[in-house]
Every structure is written in C-alpha cells, then in structure tokens.
C-alpha cells in the first residue's frame, strides 16, 4: 500500500545516487516540483529516462544530477532548444552527458514491456533510420510465423518512476484524467514509484476518462499543489505558456541558469517548495 | 517576403505555405499532426474546406476539434475536444502502426532530395554534433506508417540538402524502391510544401522535383534556396494565391492561439 | 465512417461463408442477437474466434455454422458444459468442429498483435503445459537482449469482428463502459466490424470508465435493443442468470436444440428479432 | 456429508472447504480469483478476517468489493465496486504477468500428485476425448505467475490422479526443480484445499502430501479419495471446525448471491 509522505521524504527515500529515474508526463502533469526536489537533494550520476525531456530535465541536467539521458525528443515545446541539454551534450557542462536515443514509439514500447514483465518489446520501427547505428538498444527480431523482420527494444525498468496526478485518496489510490501519456506504464515498470498529487481527498469522485492506479501499485504519494507548474493539471490549472518562453532566457546562459538554481531551488524554504 | 493577390490583399510567404499545406488535406482524412506549421495547416483545413478532417495528436487524442491553435502537442484543449483520449503507447501501437492514418504531417530541420528528414544532429559526428536538435519524437514511425506524408518546411540552402547528416525519418531512402526494401508500408513523402512552392517525388526516381510555384516566386529563386541541383517538373504549375476567406481564417486562428 | 444499418443488413453485408468471425464481449455485452442473425442467414464454414465461447457460440456451433473454433475457455459460465460444443467436438454433430486452443493470455495477446499491425505477440505463457503439443500457433522466441525463451503467438486478424455496445451517436461513434474485455482490440484487429448498440443517440454523454471507438474505426453500427441478452448491458439491463440455467436444458439434447432453433431463430419475424 | 462442531452446529463438507480456503488468505493480499469455489472463499475471507484482501478478476476488475457472491466472473457488481476497471489484455499483461499478484485461486477438474491441473480433456486422446472440458481460460498464466497458488477442489479418486491426462496449468511439473527449469516464476501450488483436508507439497519432492484433516475425517478416507499412494505429513494436524461467525457469514453470502 502506498505511503503518504512529504515531497522531501519521498524523494529522499526513493531516489538514490546512481539510480535510473524516470519522470513522466506528456506535456500534461509533468512532475516539475519533484524534479526540483531531486536537485535540492543534490542527487548525482542519475540515468534520467523520459520520452520528452523538456524544461524539467533541462533543470536536472544543468544542475549536474545526470550522467546519462534515455529519451526520444528533447526540446522546449513550442519555443525551441533546451540550452542546458545542448550545453551538456556539446560541451560536457557541467558534467558530460551520455545519451541513448530512441523514437517515441520505441520508448513507449520499452515502458510497456517493463510494465508487462517482459524483457523486450516488438514494433515496426527504426527501419532505414540512422538511430540503430548509434543506439545499441535497438535490434532486429524475426517473426516465428511469417519470417518478417521487426525491431526489438529492451524493457525499461527504472529504479524509480515519478509522476504527477490530480488526486489521491487517503489510502493512496491515485486518480489521473486528461492526457495520461505513458504514466501508468512508467509506474508499473519501475521498482519503486512516487506520485505527487494536487490534493489528497477523502473520496475519489469518478471522472470520465480517468485512470486509477491502486494504492498497492504505488510506493509513495506526496501532496504537492501546483506540482506540475509550468505544465498543467487538467481541472486545476492551465499551462503557463509564458513560463516556457521565459525559461529560454534563463536556460540560455550558464550564469542566468545558476542564478535561477540558487534563487528558485537551493534558497527556497520548505514551505515555499511544497506550496503549503 | 510579401506578395499581392488580385484583390490587392497582402500576405506573407509563411501564410501562403500554411494555406497551401491546408489545401492539400482532403475532407474526412485522418491526419497525424505534428506541432508548429503542420498543426496550423491542419487546423486551418478543418475550418475551411475540410470540416470533417480527423486530427490525431501523439499526446493521445483522436479527433480533436480545438477552437484555437493548440500551444503545444499536449494542449488541454486537444483532450477536452477529442472524440477519444488514449495513452501514448496506444497512439503508436493501435492507431499509427497498423496504417490507420491517411496523412502524416511533419516538419523538418533538414530535408534531402529523397525527402529523408533530419531532426537529430547537424554535422557528421553524432557524438560531437555541430548542433544538437531535439531528436526523433514520433516522426520515424509517422513517416513509416502513414499512408502518405506531407512535409511543411521553410526552404533554404541550409535546410534543403543533398543528403541529410542523419536520417531521423525515412522519406524515399536513396531512391525508388527503397521503402519497399525497408519494409515501410506507407507511400512516404508525396508533398513537400514550402514558403516558395511545392515539391513532389518524381514517379521514376523518387527524387523531389519542383512541381508548383507560389505566386510571385520564380524557379531560379527556388533553385537558389535548394542545396541540390533541383529539377523542375514539366507540369510546373502556379499556386492559387490565398483567398480572402483563407487568410481571414488563418489570422483569426493564430490570433486566438496567442 | 461507420454506416448505420439494420442488423440483417449488417450481417448480410459483412459476414460471408468461410469467413473468420470474432464475436467478443467478456461476460458483459455479448452480441447474442448478432450471433442469432448469423444463424438466420445460414452462414456456413465459419472459423469462429472468441476467448469464451459460451451460449452464443453453442448456438452457432449447434446450428452448423462453424467448421473451426479458436478459443481459450468454452463453457456455460456458472452452469456447466456447452452441450452443442461437446457434441460437435466429440461426435462431429451436426458437422465436425476443428479446434485451435489457447489460454486467455494468449488469445488476448493475439488480438493485441492484430490491433497493433504486428504479425505476432510475445508473452510469458504455456511453458510446461500440453497446449503447445496440440496447438501449432504457439511457438518459442528468444529475447535478443537477455537470451530468455518466451512464447510467441500469431496475430488474430478476423475478417469481421462483432461486438455489442451501449450507445452510438448518429455519426457512428461508439461508446462502451463497464467491463470492456477485449472488444476494442477485436474491432481494431479485424478487416471489417459490426457494432450492435442498445441505442443510437444524438450526443454521447461522457461516462466514467468509458471507451470510445471513433466512427472511422468501425464499418457498420446497428441499433439492436436488448442485443446482449441473456448477458447484460451495464446501465441498461442485468444478466439473465436464469436463462443461462435454462440454456442447459435446451442445449443438452439435439431435439430440444433444434426445436429452439426453429422457434426462436428461424420462425421469428424481423420485428421480433430487432426488438423494434 | 455433514459434521458437528463442539457447539453442535451442523455444516457440510463443502462449507468446511470454503471456510478452510478463506482462512488461507492473508489480509491485504492480492488475490486472482477464479469463479465458483475460489470466489466463494475469497469473498468469505474479505468479510471475515481479511477485509483488505484485494480481489482481482480476469474480466478486468482490480479491487472488487461485491456485497454478494458474483454470479459469474464478469458480474456487473465486480465492475461497479472495483477500484479500477481495465481491459482483459491489461489484466494479463500489466497485472498478472509481472508477478504483482500474491495468490492465484484456482479450481480443477483433474489434479495430480504434483499439483498439475487439467481443465481441458479427460482421456488420452486430445482429438477424441472421453470428455471435453472448458479449457484453459486464465489458469495457465495464473498458475505460472502468481507468487503462490491455492487450489480448491472436491477430493475423489476420479479427480485426484497420479498423472493428469492433460497439463492445462503447471503445478510442480514432474517434481522438485521443474518450475525453475520451465522458467515459471511463482512458487506454484502451496495449498490444495479439499472437502476432506489440506494437501501441501513436500519440501523435498514437491509431491502433494496430506497435511491437515478436517474435523470428523480420517486418513483412510482421504487415501480412498486419492488416485495415488497418498503420503501423510509427519506434522498432520486437524482443521479447526467452522466458527459460528464463519458459517453465518458464508451462508449469508451464498443466500445473497442467489
């Protein structure tokens, strides 16, 4: 059964140096507050996994938490590049970043295999692209019935997956609605999981399009209102599109990024961080 | 760059590109929409000649009907107005991979003469790129599995190259017959819509040739914006300039999307 | 886009002699009316596919419509045996019935592969059982990353899949809620599909737990109120448990079954059949 | 058969079996429930000592809390009272296969001395069976993937055989070590609960041995109802007879389920 903890406790207990860590949320419900808590706790040597490393991973990479990134699309959506990600890949700043690069279809299927207890997944993908030349987690497999050649990718089984959801009840059952992305698969594929939620409520009123993760499939739940900002939480708040633009000016230079880190991450009090 | 219609209406070459791209979509088609230029064009089509165009976004929406331009591929309005919201694995496995989508609408950082797309790295050395681009996203499988692919991209010598530095998404590979050899089921890029005109694959060689010029653009101008020796179709035609209705709708969409 | 047709027209147009036909619905929403319409139209040589061939397939098999059954559990749930199915397997009456037998996990994954446009699916299954000795659509496959041995099963791609749902709108979008079984996969795996619905409505009011099949993923929709009886349609009517018991007395003997066929299937008028 | 408790309460051997099976389930465990005897026992456990038992049905329900016995594995009440309703492929792929379920609760038409289960055909010839049974359903993968398996079945010479005619679901194969060799991850059948007593696999050989006798039953009676030379555990114990509360709860459940 999921335990209800503070964000600091959840990250402290579940995320260790050197871990494989997935933060998921496809545009919607990106666990930004949890990402910043990992930075505050100065985790190092993480292998970060995420289909769309956007601002949340630009921050973790710029802060030097990661040694490797497994991903399929790294950009600031609607704005442009992730400057911290580019600085790490092109210049090794602040630490070198190894990359393992897939397509969305490949990453999604890697999580599906992980959630399914299978060692690999099969898809029609990558054929003719240059990705298999640089990514050794893409292989070929032959259909035992038709002889067709398909792509195989290994399961992703993160040490810990972190997602943000709208609500949990006091027993730790988690409720998500709107775009649900690959979050269920990320949680089920992981050895441990942390779900930050907008609120913990007495009863989960059913919502059309909802997905419920039973308490016993989750390790910890932390109440973190506004924990997805600047992304959005359907039913709670909208995407802060201006912040995505604003991030471009922060992330562009090492100086401005380090100022941001100090001011907005390291010098913030606990109560500012948790929003309570 | 601006041009002038018969009605003396002024419009930008980007507007012409979006409108030409929108016109390429047929009503009732299922269109897998990338963000940016493709999304603008697809939403414009839905509000003009193709009200029953089915918009599919990789964030997990089937049949979105946004009343403004979505700010991102996962804008809440896409889920709120969709016929069905599904998980990301389901988008790729149940809807894209089996070939249910008519048109994949893609952008490109680099495009080559066989319509191959690069959105990964600029430069020859993957490990030490000149420029690190965002990467593949959904594009490789969109390019593989949609019945056909339309690419919308601004044309320049820098982006239209003889051979892409990295094949992120396969167009026609190294020419005619390559898609079949690679087991790719869709027809690949059948249209490349730029701010200058429209390119189509030559039926014999699959090399992209200039088949349509936007109003006010000359062939030489397009050749100068192309990094290979661009051939011109014998059936070269002129794009009709934007109608007042098209322009008004496009501008209202963009205004509402701000 | 799905076309809205009558049940007779839908079956007439979509189900042909010799077709591979799947009727799905896991206890809930079993398309009984459509099954009986197939009998009325005297289809022959069908390969019937269904995870749980229960009364609906006992009727089709007893009526001589099928030459083969692909399945994972054949019984009258909560009651006992399917006598027509047993009579066909053990005595070849009224025609011999070839069987291809899987487990639920195998069948579900065969539909998933079919819906995904893949030629096969991989699962942890069948190991040590006697099923692979008798079912040649179970093979082994080796993980290209770990070397592990797993089971592979070929995709199911029926010529036509038939399901029952609660509602469709006039454009042919289909809405299902409650236990959704493997119906989405069955429809998406098939070349053609027929969805019978309790009612066609102007607008599909969202319902928690709903699944929506867009009109363009369905071939035909037919309004057939009570079309799942004696199974149930959540929100419309309960399961007729007494009928399942009653079926045992009908199906047990060839005579009583043939009386039932004549009375309840062949001699019924169109209006009795459609419930309108 | 009936027996009598100290309180002179009369109960049937089927009731004793259901109650003994219910007692085997620990509170908070995740239990994959087959219909019939297993469902009765699991629901009884949830209403007596194990209120937080998580019931999972292959029809697609996680955490069902029915207030009466479900009439079938897909009874509407299972969906209406569940924490989550999911598709059938998801049940098997995301929840059963990765080993998330503690106990798989199965019935059997035939069971052999290594706990292998047959629900497919009686007779040696698969193509021409003496009796055609329903088949596998979810059982092979439940038996493979749950952390342990409890079998609930009435005991008779006909059903308890030396070697099953058909291995539908693997118990301990042909003995100790076979599950590991076959790549089966769960522990297999750790308890076989019958109307006469309880059998457990011998830790050395994995052969099922009699480890518990229900009240009023003698060893010889169980041997006579077993198709192999049944061994008796040196620690043979007696099942406590049903308590009044257990009996009352069981009967109320069955009454409400009618």
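Each chain gets a letter, A, B, C and D, in the order it is written, and its residues are counted from 1.
Criterion: contacts are C-beta pairs under 8 Å (C-beta built on N, C-alpha and C of every residue); 3 or more make two chains touch, one makes a residue touch a chain.
Worth saying up front: this structure is predicted, and the values here are computed from it rather than measured.
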Check: What is the graph distance from chain B to chain D, where chains are linked when they touch?
Finding: 2
Next item on the list: Between C-D and B-C, flag the pair that has more C-beta pairs in contact.
Entry: C-D
Item checked: Whole-Å separation of chain centres (CA-atom averages), chain A against chain D -> 41
Check: So, what's the distance in Å between the C-alpha centres of chain D and chain C?
Finding: 29
Notebook entry, point to check: What residues in chain D touch two or more of the other chains?
Noted result: 93, 97, 145
Next item on the list: Any chance you could list the residues of chain C touching two or more other chains?
Entry: 117-118, 123-124, 148, 184-185, 209
Item checked: Graph class of chain-chain contacts, one of line, ring, star, complete, other -> other
Note to self: Judged by the touch rule stated earlier, which pairs of chains are there in contact?
What the structure shows: A-B, A-C, A-D, B-C, C-D
Notebook entry, point to check: Residues of chain B touching chain C in their complex?
Noted result: 28, 30, 54, 62-63, 83-84, 93-94, 97-100, 145
Item checked: Interfacial residue positions of chain C with respect to chain D in the complex -> 26-28, 51-52, 71-75, 77-78, 81-82, 85-86, 89-90, 101-105, 108-109, 111-112, 123-131, 133-134, 148-149, 178-182, 184-185, 209, 232, 234, 238-239, 241
Note to self: Show me the residue ranges of chain C that touch chain B in the complex, using the header's touch definition.
What the structure shows: 1, 115-118, 173, 184-185, 188, 211-214, 216-217
Notebook entry, point to check: Can you list the residues on chain B that touch chain A in the complex?
Noted result: 35-36, 58-61, 71-76, 78-80, 85, 87-89, 91-93, 96-97, 120, 126, 128-129, 131-132, 134-141, 144-145, 166-170, 173, 178-179, 182-185
Margin query: Considering only the defined contacts, which chain C positions touch chain A in the complex?
Written below: 117-124, 137, 139-141, 143-146, 148, 150, 152, 154, 206-210
